[in-house]
Each structure stands twice: as structure tokens, then as C-alpha cells.
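In the two complexes that follow, subunit A is the common piece, with subunit B as its partner first and subunit C second.
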Partner chain A sequence: MRKRLKINNLQAFLQELQKQATLIAPVKTDAGEREFRPVEQVADIVLEGSNPLRSPKEYLFPQMETLYTFHLQKDGKATLKETLHNEPQIILGIRPCDLHAIAYVKEFYSTTHQDVYVLEKWKHTILIGWACQNPLNTCFCTSVGNSPVDSKGADIMMAKTDSFYLVEVLTVKGKDLIEKIPSLLEDSPEADNEVLPSIQKQTESMIREKVDLLSIKGRIDSAYSSSIWKSYSDVCIACGACTFNCPTCTCFDSADLLETCQDGCRYRTWDTCQNYAFTLHASGHNPRATREARLRQRVMHKYQYSVEQLGLFSCTGCGRCTRSCPVNIDMVSIIKDIKEVVDHGEE
Partner chain B sequence: MKKQIEQNVQQLLTQIWKPGDLIIAWKNASLPGHRTPAFLYRKEDIQDIVFDSFCDISLAKYLNERNRQEILPPHFKGKIHIVCKPCDAKSVMQTFSDQQISETLVNLIVVACDGIIDRKKIEKHCDQSIVDMQETDFQILCTDISGKEYVFEKRESWLRKCEDARNCDLPYYYGYYFVGDEKEYRTRLKHRYQTHKKLPQDTMSPKELQQKIHQELSRCIRCNACRNICPACFCSDQCVFDKPKERAKLVENQVTTENTILYHMIRFHHIAPNCTGCGECERACPKDIPLHIFFEYFNRCMEEEFGYKPGKTNDERQKLLSYNLGEDLV
Partner chain C sequence: MEKNKKIPSSTNNPYLPFFASIREVGQQTSTVKHFLVDLPKENYPEKFIPGQFYQLSIPGVGEAPISVSDYDPINHTLLFCIAKTGVVTSQIHTLQKGDYLGLRGPFGNGFPMDTFRGKNIVLVAGGIGLVPLRSVVEDYFRNQDQYGELEILFGARNSQEIIYREEMKQWRLKKKTTCKITIDKPEKGWDGNVGFVCNLVDKSYCDCSEVLFHHTSPDQTNTVILVVGPPVMFQSILNNLSTIHFPDDLVYVSLENHMKCGIGKCGHCNCGGKYVCQDGPIFSWKELKTLEKEY
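Up next, the complex of A and B:
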């Protein structure tokens, strides 16, 4: 089902969305950056502009999350209480790269093990995509086989044209939502078929470079022993900023926190494979003791291991790792080197 | 002007480099206005070295023990030639006095510098992402992804540290090569802008200050980029914040603003006697948190209370790290 929304009706449309569930969208913060935040006033929403540095992943898999609380009763018995957050939420303005990322995180957490915390949230979330017209110089979604208008993973996809918004309803979840707010939308004529392809053409022409990784999908481990890793890991300071901003990084660490002698909780926080202690064994042995091994792990996971596991690249080409790297390590340079090595071998 | 300096750096290195030596300098990275550390072992690579107003990354970090272990090939016997801006040279001094590396291993090459561009500041002033960034003598010229062009005056685009020429003076150390005219550089410095910039600590009440710190640090994602880029932070894998298996836990991993404030307070107190005010932490922060409100304040306290400026020389004993006056470093 495809509809049109008049430009003038956008505010009213957003207000209607806000009535249905917690609305999360890019808003301008006090610090002047755009971030996905629960919206207080729809007028704060800024849909256009570059993709925020923090991805919407955190509304399904937050950086910090209490898994359960525990309490020791007077009679010596302990009680556990699971803390599932499953209020309905709508995430608006998700770029195709982040739609892929959320789809990947959901896939990852329903395949390797059933992570109720992520899956429950996913069940109660409606994802509204946004065709991307403002790529950054770090973006490379086309290199990993995505496109700036791809709607895969979205419940509803939106796109802006000069005279209206296109609203494409893709799933039952999306249909249910739209049916609750019927009056604002108009029928979309046949000619609107052209909207997404023309945005795609326009945006792709602005993306700096395309490194064809699809042609070597599944064979990237042949670069495992290459010298390219060291050339980047020498520069890498192993901070992990890249992983903390990556929309598909899924690693976490969990710990117990005692608030009193009777009460406490188990929580989890994101962890990063770039940290030395990440793989440090209690014996003192560390299988990934060098930065070279850790940087290779991060890149290989994105392009090889997740392909082996789930058949998917777990890099969406969003470029956030490049954006956040304090020493300017560029993912596009890395994949260019990888492709060179896989295709032609080491010099 | 800059190009000439670049050539001079390359020329000097060609003269002093010997087979088996390592050169740490900057080279071009693929994105506009990006330079990245280069580790060079071959004479023919010297021509890749770049020095211009975009060389923001401090290379001093790579000298400390843990980083050398990662970088250097086994059985490395050569010298390390490191190219530095005057501000970074002070971090190198600090690395020496912290005994992270022996001076005999290092050839320090200090380059006359007129200031480094704050790339993030420029990017913020452009409507769209930048695809080209060039410098002329006084200006920065940019083109964004839609083809729109911008001109910025360099004097309005410096990194914060470059706006105060006191950060640019040279260390008291006789073992460095200087690229450029040293005497002229020192005179030039005197005419450059020198002032204590106002900090929130000067203008705010304690209550307001507390609020400000809370507000800024609530955006912190605890990625540790500020710690890992810091040339004064050399505990590396043994840092107390890294899931210490055998140490007491100072800060819970739980990412709350309270824990984050604790993290920063501990870190800035810990490096107060080593912090040269290089500003790398602030530059590295992907969330653009103005960390200068901490380190500049600590720098000032160190100077006012102890008359001590970290990085001034290669062998000054650290204040705050010894139990007794006159005690030697362990």
C-alpha cells in the first residue's frame, strides 16, 4: 500500500504517531547534534540532514540494560524479577543502512540464542524508514550491496519529494498503524513509482566510491594472513569508539550490582572486541593479545564470520566507524585493501 | 610555505635515516582534511610524509612502551625518528620523564607550526558533508557533496589549543632537530595570541558548574577514546577501568552519568601531573564533549599551586607522584 502525505500535513501526521506510542526520532539536542531520542514535541524532529552518529540500535539493544533484579527475603529465600521493557515504540527516520542494522541485530539475537530482551522490544517496535538523500563522505552502503532507498526491514518507508512525502506501508504492523490515522493520507498515483528510483540515482551519485564486496562474499577469509591488518593496527589505539558507534556490534558484558545486602541487579553493558581484556582468560592467556588480531577480528566479523553464520554482511556501510575513529582509520581503505588481496593476492 | 616545510622535513629525514630505523610521521588519509599516522621503514617512503595544517593527531602516543610493543618489528635495533609539532614535543618530553622510552632511542624532529585546523569545526559550518578540503596561506577552501563551495579564514578555524600561543612554545631540551627557523619561530610566538581562556570554573557558581558538568558528561558513551589517545595515559591494558580481574573495581561498568563523572574525575586527577594540555582527548571524542573544562583547569592548578608545567623538560620530577620531596622516581 502506498500513500502520499502533503508537506503541510507532516506535523499533524507526526502528532498522530506520537499518540499511538512512544515516538523516537532524530531531534536536535541542546548540544547541537542530531540524535535519536524520544520525542517531546514533534516540532523538534529534524528528518533531513546526515545520519546521527548514534544509531537507533540502542532502542532495541541499549548500551546499558538491567536484566533482572534480585532480593533476599527475611526468610532467606531469594526472589528474581525479570525487567522486560516492552512498551510500544515507533522509531521514525531510520536510514536504509540502519534498517539493515536493526534487521541484522534481530536476526543475530534470534539465531545464536533467543535474546528475549531484544526480541521483546523488537516485537513492540514499529520501524519507519527514511530514504536517504544526505550521504556523508564516510558512507559506502552500495559497497556492501545496500542502497540509499532500500526499505528491507522497515514497516513503513517514507521519502521526501519537493511537493509531498511518499509513505509506503510494507508490513501488517505498519498497516495497523496507518489504519489508525487514515484522514491525513492521500492515494498515490502510478507516477510515484519513480520517486524512490530517482532518489536512489541522485544519492548514489554522491556516494564517494563503490568497492564491490559482493563479488568476494564468502571468500574474504583468504586475506586472513595478509599484512594489511598490521598496517592499520599500528595506527589503531584500540579505543573501541568504532564499535561503540557501530549499529551492528552486538557484544556485551554483564555484571552484578549490589545496592544493599539484600537487593541488587544483573545488568549488561556494551563491550568492545578492541579492548585487550575482552578475550583475556582467567589463566592469563589472551588469544587476541595484539591489536592486529583484534582489528582483524572486528573487520572479519563484519565481512566474513557473519556471512558464515547468517549469510549476511554485518557491515551496513554506514561509515560510523570511520566517523568516530580518532586516528582516521577509514573502513573504505580497509575494504579496498581486502578486495585487492582477495582478488590478486599479496604483492 | 607549508609545502617548503614538508620538503625540509623529508630532506632532513633522508639525511638522518639509517637502514633499520623507524620514522613516525603523518601521511594523507583518503578523506578530505584527514591525515593519519605513518610508520615508515624504507627510504623511498619518506616522500609520502605530509606536514600541513591538517596534521592534528599527536604522534607522541606511539612512543610509549605498550604501543612500541605493538608496532616495532621483533629485534628492532634502530632509532625512532618522530616528527612533532611543538605541542606534541612536550608530550614526548613527558614520555621521557615518565620513563616510557629511553631518550637514546629517539630522534625528535620538531616542525615550526602556525596552527592546526579544527576539522570538526569546519565540517559543522558546512551544510553537507565535505568532499574536498584544501588550504592556502590564510584560508581553507571546502567543497561539499552537493558541489557548494566554502571559504574559511584560518585564524578563525584553529584548534582551541592553537589559539593560545603558550601551548606552542618549545621544551627546554637540546636534543631535537628543528625544521624551520627556530629563532624566528620564537619571535613569532611572542606576537601570537596569549591568554588564559575563560573556563566555566571562572564564571559559574559551584552549582551551575556541577550542572554543566553533569549535562556535558551525560552525553559521554564511555568509548574510552579520550583515554586511549592521551599520550599521558600509558597504563594501557592495566588501566583500572578495564575490567580489572585482580584489582579493586573503581567504577562500575554501568554507564550512568554518575559513573561517567567518576571515570573522568579519576582519569583527570590521575594524569594531572602528566597532562601537557595537548587537547587530544577533546579532539578524539566522537561526541565532541568539551573536555578542556577539565584538563585546562587542572593544568592551571598545577601551574599555580606547584609552579609546574608538564612537558617543559625531559627530566623534571613529577609532582604528586612522589611521597617525599626530592624522592627519585621509581
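Up next, the complex of A and C:
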């Protein structure tokens, strides 16, 4: 189902969304940045502009999350209370790269021993995508086979034209939502078929570079022993910023917190494979003791290991790793080197 | 458990531990204790495979992955053997009979015991590596008529660090079973083997493996070798086995990567395309050769 939304009906449309569930969208922060946050007033929402530095991943997989609380009894046994959250939420303004990321995260956590925390939230979330017209010079979604208008993973996809917003309803969840919102939407004529392809053409022409990784998908491990890793890891300071801002990084640490002598919780937090202690064995042996091995792990996981596991690249080309790296390690430069080594071997 | 609208309860949450009471605690060495726990009825494992592990926890302290030494399918008890290495394991060491342990599991693939039927089983263990292999020993004795011979090759740093000492005396007396122990350095009062456990799989060593070298017609395809110990130890065993061209699909190794969740989600144990907690911790040598050396 495809509809049109008049430009001057946008605010009313957003207000209707806000009535249905917690609305999360890019809003301007005090620091002048845009961030995905629960919306207080729809007037704060800024849909246009570049993709926020932090992805909306945290609304499905929060940076810190309580898994259960416990109360210790005298005999040392504990009563547990699961802390699942399933309040309905709508996330609006998600670029195709982040839609892909959420689809990946959901897929990853759906494998054997399903992660009920992420999946419960996902079930109660409606994802509204936004065709991207503002790529940054760190963006490279086309290199990993994505496009700036791809709606994979969205319940509803929106795109802005000069005279209206296109609203494409893609799933049952999306349809249920739209049906609750009366009369703001109009029918979309045949000619609107051209909207997304034309945005795609326009945006793709603005993307700095395209490295064809699809042609070497599944063979990227042949760069495992290459010397390229060291040339990057020599400057890496293992701060982990790249992984914390990555919309597909799923690793976590978990620990217990005792709030009184009897009550506490078990929680998890995002963790990073760039940290030395991440893989440290109990014996003191460390299988990824060097920064070189850890940087290679981050890159190989995105382009090779997740392909082996789920058939998917777990890099969406959003460029956040490059944007956040304090020593300017550039992912496009890394994948160019990989492609060269895989295609032609080491010089 | 309390239920309300905002906090639904899921019966299928793999992160929630259940609690089992400790039936028996015993000191194995100065730093290793064993714990026998009674499983509550609703937590009997549907299936237990030797080589699998549980996540053991104490609320407020944390969790640690520990291999199962034995699951008794009649009394529904689990046996763990735990070395004191850090925060969680030290706290577990303070627990006594009647106390409770949090448990999640069983996790991991375990040894493919079905494929071992009719074959000789050689176990090679370094130190605490004997723990997961004991579950194989117990399975062997419960179903001995289905297997060939059993040989246990065990290396400890010194005679004080020999675990399952009493059990090994009993195992030795059983039919079709041999048991060889070695310690790293000579010691007063020790008249057994001295040197690393890899010697026992070296043909030129006088007291080397019976099954591998002393049988009148050793048939390699009729023997499986299970190796558990630190990476330096199993690498040297694998080197020795390659000199006798032992088939790599009949050798199994248990890996001990750092683990947090045990269910393929937290990423800590990730090694190439595998999650050691879920795709392992048991890998054949053949599989290991294709895996990135990050274990």
C-alpha cells in the first residue's frame, strides 16, 4: 500500500503517531546534534540532515539493560524477577543503513537460544524508514550491496519530495498503524513509482566511493594473513569507539549488582572486541592479544564471519566507525585494501 | 514470580538461572573442589552429552562456565570440579552442603559419543582438563559393552595437583581400562612417569599409550582420541599425532575460550565463523585446522 502525505500535514501525522506509542525520532539536542530520542514535542523532530552519530539500535538492544532482579533468601536461594520490556514504540526516520542494521541484529538474536529481551522489544516496535538524501563523506552503503532507499526491515518507508511525502506501507504492523490514523493520507498515483529510484540515483551520485565487496563475498578470509591489518592497528588506540557506535555490534558483557545485602540485579552492557580483556582466558592465555588481531576481528566479523553464520554482511556502510575514530582509521580505505588483496594477492 | 502487565514473564528465557542445592562438597587439591548438586525435577536436562557445560552463578557475584564431570541420570545429580581462579570461583569455593548454586544449561555440543560406539577411546588430559573428560569416563562405564578399550593419559603439574585420585584407582581395576599419570618434574616419593603428558602419545617414550602403540595390531580407524588442556598442551599432542599420521577426524579437542552468555550471543568466545560456546566447545582436529587460530 502506498500513500502520499501533504507537506503541511506532516506535523499532524507525527502527532497521530505519538498518540499510538512512544515515538522515537531524530531530535535536536542541546549540543546542536541530532539524536534518536523519545520525542517530547513533535516540533523537535528533524528528519532531514545527515544520519545521527548514534544509531537507533539502543532502543532494541540498550547500552545497559537489566536481565532480572533477584531477592536473596536466607538459605542462599534467590527469587528472580525477569525484567522484559515491551511497551509499544515507533522509531521514525531510520535510514536504510540502520534498517539493515536492525534487521541484522534481530536475525542474530533470533538464532538458537533466542534473546527474548531484544525480540520482545522488536515485536512491539514499528520501524519507519526514511529514504536518505544526505550521505556523509564517510558513507559507503553501496559498497556492501545496500542502497540509500532500500526499505528492507521497515514496516513503513517514507521519502520526501518537493511537494509531498511518500508513505509506503510494507508490513501488517505498518498497515495496522496506518489504519488507526484517519484521513491524513491520500492515494498515490502511478507516477510515484519514480520517486524512490530518482532519490536513489541522486543520493548514490553523492556517495564518495563504491568498493565492490559483493564480488568477493564469502572469500574475504583469504585476506586473513595479510599485512594490511598491522598498517591500521599500528595507529589504533583500542578505544572501542568504532564498536560502540556500530549499529550491528551485538557483543555484551554481563555482571551482577548488589543494591542491598539481599537485593540486586544481573545486567548486561555493550562490550567491545577491541579490548584486550575481551578474550582473556582464565589461564592467562589470550587468543587475541594484539591490537592487530583485534582490529582484524572487528573487520572480519563484519565481512566474513557473519556471512558464514547468517549469509549477511554485518556492515551496513553507515560509516559510523570512521566518523567516531579518534585516529581517523577509515573503513573505506580498509575495504579497498581487502578487495585488492583478495582479488590480486599481496604485492 | 510476580507478573504484571508491563513485565511479562517468559518461560523460555535462556538468561535465567534455576537453583540447585549442593549435596556434597569435597576437596580435590589445595585449589580444586568438587560439588555434587541435586537437580530440581523441572530442570532435568532433556538430554545430556558428555563434554557439555553449565553456567554456574551466585547472585550478586557473577557467573562462570564450568564443565560437567558427571550427570547421573538415575539420581539426577550433576558433578562439577572447580579450580579457584578468580571472583566467582572463589565464592563458589565457600559454599557448603545445603547451599544453593545458580545454574543455566546444559550448553555446548558435547562429544559425538554415538560415533564412538565400538571404538577404543583414548583420553589425554592436562590438569583440570580431566574434568570434562570424566563425563566421558562415566558414560563409558555405564555403557562399557558398547565401546572398545578405555585409556586415560593424565598429566598434572605435580603430585599435589592430581584430581580424581581415588576414582582413578577404581578405574584402573576395571576391565578394558588403563590409566597412566605423569607429573611435570621429579619429586621425592614419586615413582611414576615424569615429564609432560605429550610424552604418553610419543612412540619413543617407554611408557607410551597402550592402545596407540602396544596393541598387536593397532588400527587407527578404530580409536578416537579426546584431548583437553591448555592450548600449548593440546598443540604439542596434535604435533605428536601428526607424526604418526593419526586421522584428524578421530581426534577431538575441547576449547576454553572466555565465555559470558554460553548461548552464542555475547560474542566473547567468537572464533572465526564459530561461537565456541554453541558450535563447540568440542571440535574435531579436522575442524580446528580450518578455524582461525584464535582459541
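Going forward, the second predicted complex is superposed on the first by the 340 of 347 C-alpha atoms of A that agree within 3 Å, B and C clash if a C-alpha of one lies under 4 Å from a C-alpha of the other, contacts with A are read in each partner's own complex, and residues count from 1 in each chain.
The definition used in the following text is that a contact is a pair of C-beta atoms (placed from the backbone, for glycine too) under 8 Å apart; a residue touches a chain by one contact, two chains touch by 3 or more.
Model, not experiment: these values are computed from the prediction.
After alignment on the shared subunit A, the placement of subunit B and subunit C results in a side-by-side fit free of clashes. By the touch criterion defined above, A:Pro96 lies against neither subunit B nor subunit C after alignment on the C-alpha atoms of chain A. Of the two partner chains placed by the overlay, only subunit B lies in contact with A:Ser333; subunit C stays clear of it.
Look at A:Ile237: by the touch rule set out above, it reaches subunit B but stays clear of subunit C.
In the superposition on chain A, A:Ser283 makes contact with subunit C only, not with subunit B. The superposition places the C-alpha centres of subunit B and subunit C at an angle of 90 degrees about the C-alpha centre of subunit A, rounded in steps of 10. Of the two partner chains, subunit B is the only one touched by A:Glu33; subunit C is not. Touch criterion met: A:Asp253 reaches subunit B and subunit C at once. Judged by the touch definition given at the top, the superposed model places A:Leu136 against subunit B, while subunit C stays out of reach. Superposition on chain A places subunit B within reach of subunit C only down to 7 Å, the least C-alpha distance between them. Residues common to the contacts of subunit A with subunit B and with subunit C across the two structures: 253, 255, 257, 280, 282. Interface of subunit A with subunit C (complex): residues 67-68, 70, 72, 75-87, 108-109, 111-117, 120, 221, 224, 250-258, 264, 266, 268, 271, 273, 278-283, 285, 287-288, 293, 297, 300-301, 304-305, 308-309.
In the complex of the two chains, the subunit B residues touching subunit A come out as 29-32, 34-37, 39, 57, 61, 67, 70-71, 124, 128-131, 145-146, 215-216, 219, 221-225, 227-229, 236-237, 242-243, 245, 252-256, 280, 283-284, 286-288. Subunit C meets subunit A in the complex at residues 1-2, 6-10, 12-17, 19, 57, 59-63, 85-86, 95, 98-100, 102, 230-232, 256-258, 260-261, 263-268, 270-273, 278, 292-295.
In the complex of the two chains, the subunit A residues touching subunit B come out as 29-33, 50, 53-54, 63-64, 134-138, 206, 208, 233-235, 237-241, 244-245, 253, 255, 257, 267, 269, 272, 275-277, 280, 282, 290-292, 322-324, 326-330, 332-333.
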